[in-house]
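Two complexes follow with chain A in common, the first pairing it with chain B and the second with chain C.
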Partner chain A sequence: MKIETKKQTEKIFMIGGGALILLFPLLASGLQGTSYFLTIGKHIFLYATFALAWDMLARTGQVSFAHPAFFGLGAYFSAILFKKYAVMGLIPSMIVSLILCMAIAFALGIVTLRLKGLYFAIATLAFTLVMQTVATQLDGVTNGTAGITLPVILGQNDYAIYYFFVIFMGAIIFLSEYVQRSKYHYSFTAIRSNEEVAKVVGIDIVKDKVLIFTVSSGIAALLGMFYAYTSNFIDPASTFNLEIGTMGLAIAVLGGLYSTIGPIIGGFILVVLQEVLSNIVDTGYMLVYGLVIILVILFLPKGVVGLWNHIAEKKKSS
Partner chain B sequence: MESYSREKEIVLKIDKISKHFGGLKAVDGISFDLRNKEILAVIGPNGAGKTTTFNLISGVLPLTSGQIYFKDTEITNIQPNKRCKMGIGRTFQIMQLFDDMSVLDNITTGAIFGHANRSLKEAKKKAEEICERLHLTEYKDYDSSELPLAHRKRLEIARAYATGPEILLLDEIMEGLNMVEAKEMVDLIKSIRDEGISVISIDHVMHTVKEMADWVIVVNYGQMLTQGTYNEVVNSPEVIEAYLGKEEED
Partner chain C sequence: METFIQVIVNGVLQSGIYMITTIGLAIAVGIVTIINLSHGEFLMIGAFIGYLFYQILGIDPLISIVLAGMIVFFLGVVTYEVSMKKVLFTPEINQLILTFGISIFLHNLAKILAGAKPSFSLHPEPAYSKAWNINLIGDAKLGIGISVAKFIIFIVALGIVIGLFYILKNTKIGKSMRAVEQNRYGASVVGVNVVNTFRIAFGISVALAASAGVMLCIVVSIDPHMGFGYTLKAFAIIMMAGLGNLKGVLWASLTMGIIESAVGTYVPGGTGWSDGVFFLIILIVLIVKPEGLFKK
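The block that comes next holds the complex of A and B.
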């Protein structure tokens, strides 16, 4: 398939989707239940950004289950520093939390990124489970399962929270596109294709993998913080939540792996699908939801973006 | 009788290198050197240790013993990515293209990372030039997996060449090519040599060895059997025995 088609697809989705996202609150402002729709929007952007961060690492061929751990660590470090012990303000607590999370990710990356495929996935899964247990058991610091109640930022204004997540997602889209147009795109794709060959064409694979793992985990940590301060409450079950990790993976696969636009489209489809199904199927909607994901993965291995590319290429050649 | 003078600078010195996998001695104390602007062919039966020798030179595998020198620098324990940046490029026996990339991106990857400080813009420009030179321009925007065999082989060379090597290791690059394609490949390799790049080529196709090799080494059972010009080695009794077996005495 010609690369040109793939770039055109990204452009179409970016412009169309971007306009829709920006105008949506204005269009929905007259409708009943605006607040509900804006909250759905927030969830879409949260999950889509999480999936995009996850995908940025996946471009090196690494499937990580450590992202829920960094989501939780980000939320807890900041909450403990700002609320529990009140040793610093909100913004400084977020900065310190981000630095701590990225330092942990760097150390974890050095240790685990020499592992490949399944072994790396298992190591990161174990990390998340350990962190969840620590957060639950260390109740003197974390309040254990009782959790921590937090103030909601941005005056609990749904419109402000909506646009806050839009801006953050925009920033990560910008970062992802920067990566896609930089030397790292070539390095990550080469590493994913064949690590041995990547080495002999001059790529320092350990350095590049650790770098993107640290950045990607840092984004997950920031999302954890934003989730905490827009949800009013955190506990180990909701933050160190493997479901967030598997959802991120499913979103990226559904939308189309290794692209900026794929996880954004996937996030929109899966969150909306989950909402619609939960409203129309009384019980067991998660079964239907799971079945839909399985079917999509079976019949659309390159995701929605791949399908779009395929159709566009066929149209062009005919 | 042909004559070839090896009175040239040594660019690669292999000193008693060995690689053992448990009890198997895949490479067992091989020594040879490569001279500046030389095409050195490595021949030998299957399983003789030729590709393992390439893996040791390029750093894909660590040595069990011995030393490797690139010009005057010992590179025995240097990482493969650093060896590439120093000037050692290679292709693979089983083609290992980056199938998720276009033809041009494969070459660009070599052009970016084979050099310490090349910008992406410069690398793309270099890749376009190499595409043109290796007659791949027509296919540059296609996925590398879509190319026919001869073009995939060219692309392997193009990616290694884009790293800016002083030494190019070609692993069975003639395998599977028809006569016309093989002739074109020989011409290409000779032109690369004439630019000042030294080449080591593992080859089973004897007519191409004859046509392009300045010097030939023969390995068998992980050891060096003999070395010399093409005519010298093909007439060597040890080589004939290695390939054809020993004639029984009446």
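The block that comes next holds the complex of A and C.
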């Protein structure tokens, strides 16, 4: 029965949410400040997808702080190849950037993922800060803090950018669901619960972790590129930004860890909340992210999705 | 040659602050088994306590080292009771996420309270904020400078370290802490109050960070963002020393202090790189020798 309720919940969300997402631009076009609403939409999909990518790795019990680094590396590799030195076109530069980022993630994963979770978390944190330093200091290549100005893709059309991010999020949702239904779901859950047991039943722990880390980081890199080419400008502070990592983490935790729908719901709630808060206070709205993380881990460890399932179950059994 | 000696002196003096910050974190990780990503925020709180006590009440920061330690000890016990306690036996990922959340919360709270002012430094400077100039070979141009404040801080830090090792070795609570570190079930069987030991150990852990924070407010300008960098540096030093190796922490702090000082001096545009190099060292140590560089 538990599985049935869960499936029903997901169906309601998928159909209702999907319809709302697709129709929103039509509704918004009647409102004043359409482009503002569409930009919020873009942010929701960007961060929700980022959180989903992060969660896919978290399913193995690993907390990565390297995602902001790959977000930044993705943006910078492509921007340097395409704009700064203009050695190739936009699409080839993105492909090269993705390959480079995934190769780096693979190498980083190989050396750090055989260690305990703590080491991995600290090593990835260190990696992000090293990359941030390099991007700031190597100003001959990266322009340093002055940043790089980039053209905006899709003819700067807010509607097109909105749907572009929707499509990408949809693709990652499919990927995540595919992983959830494959043998990897069992492997990841086993690794997360108890590595020793997982090893005994024949799971190649390092291989599986490195695989998902590489894929997950690759998604972060792609998001970095999409961010870069829809925001007109990048600099080290806005791309190699630990706050992006914090948001991704808070979104996944709030929505519900280890699920596809969790980070998506979390993304909607937190990005909208942030939008509202940043209109009220100037600084420190990140405070709310901290508070959300603390409260959810302490009182609601399965997030909003867990709460929803819990309520739905209670209703059915009564 | 003078530059070289100056680099070593600066590195050694800096390492005192790393020692007590990191031993604090090592107690949290080793004894309480909490991977505390918010450790540096308690250092930041200590720094602001030292700053405010000096500016508002006129209390010398050297005295605030003790006061801030006591205040933050209680803050730590409260934090432990309302949050950390609940994730002690949950998967590591929950601890990392929770303490990261606490870090974000405290640092942004400080940011809101601090308002628009980006950084704070003591004004007027305490009397000992001057430098001794020591001439090595009788030539005034070839001397090295030692900041009196940094020197005092280093001595105080060493005193705290010695006191801490004494407590761990000889007192009842220290023995309980070591027993719990080795085997918490065994310790509880022989009558150690494990719950209370955890509480006190966590209080001591963050109180050490706060003391280091007060020391920092004397010699550098402080800001709400300063904490997280120290969390990372402390983890870096722990990894270099090897988990659970308190004496190794002292050597690793010394090494890191000197490396940082050397990079800041010898590498062009060095100060911008020195933090990056710090973290690069963590990566290299983790990759090459994850059990730590120093013998236990």
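Methods note: the second predicted complex is superposed on the first by the 298 of 318 C-alpha atoms of A that agree within 3 Å, B and C clash if a C-alpha of one lies under 4 Å from a C-alpha of the other, contacts with A are read in each partner's own complex, and residues count from 1 in each chain.
In this text, a contact is a pair of C-beta atoms (placed from the backbone, for glycine too) under 8 Å apart; a residue touches a chain by one contact, two chains touch by 3 or more.
The shown structure was predicted, so the numbers you read here are calculated from the model rather than taken from an experiment.
A.B. asks: Which partner, chain B or chain C, is in contact with more residues of chain A?
C.D. replies: Comparing touch counts on chain A for chain B and chain C gives C.
A.B. asks: Give one of first, second, both or neither to describe whether A:146 is in contact with chain B, with chain C, with both, or with none.
C.D. replies: neither
A.B. asks: Could you say whether A:112 touches chain B, chain C, both of them, or neither, answering first, second, both or neither?
C.D. replies: Touch status of A:112: second partner only.
A.B. asks: With the two complexes superposed on chain A, say which partner A:297 touches: chain B (first), chain C (second), both, or neither.
C.D. replies: Touch status of A:297: second partner only.
A.B. asks: Which of the two partners, first being chain B and second being chain C, lies in contact with A:280: first, second, both, or neither?
C.D. replies: Neither partner.
A.B. asks: Looking at A:202 after the superposition, I want to know if it touches chain B, chain C, both of them or none. Which is it: first, second, both, neither?
C.D. replies: first
A.B. asks: Scan A:192 for contacts with chain B and chain C and give back first, second, both or neither.
C.D. replies: Both partners, chain B and chain C.
A.B. asks: Identify the residues of chain A that lie in both the chain B contact region and the chain C contact region.
C.D. replies: Residues 192-193 of chain A touch both chain B and chain C.
A.B. asks: Flag every residue of chain A that touches chain B in the complex, lowest number first.
C.D. replies: 1-4, 182-183, 186-187, 189-190, 192-194, 196-197, 199-205, 258
A.B. asks: What residues of chain C sit close enough to touch chain A in their complex?
C.D. replies: 29, 35, 83, 86-87, 90-94, 96-98, 100-109, 111-112, 228, 232, 235-236, 239, 269, 272-273, 275-276, 279-280, 282-283, 286-287, 290
A.B. asks: Using the touch definition up top, name the residues of chain A that touch chain C in the complex.
C.D. replies: Residues in contact with chain C: 58, 61-63, 111-112, 115-119, 121-123, 125-127, 129-130, 132-134, 136-137, 192-193, 242, 246, 249-250, 253, 281, 283-287, 289-294, 297-298, 301.
A.B. asks: Using the touch rule from the top, collect the residues of chain B that touch chain A in their complex.
C.D. replies: 58-60, 79-81, 83-85, 89-90, 92, 96-102, 105, 108-110, 112-115, 120, 123, 141-143, 159-160, 163
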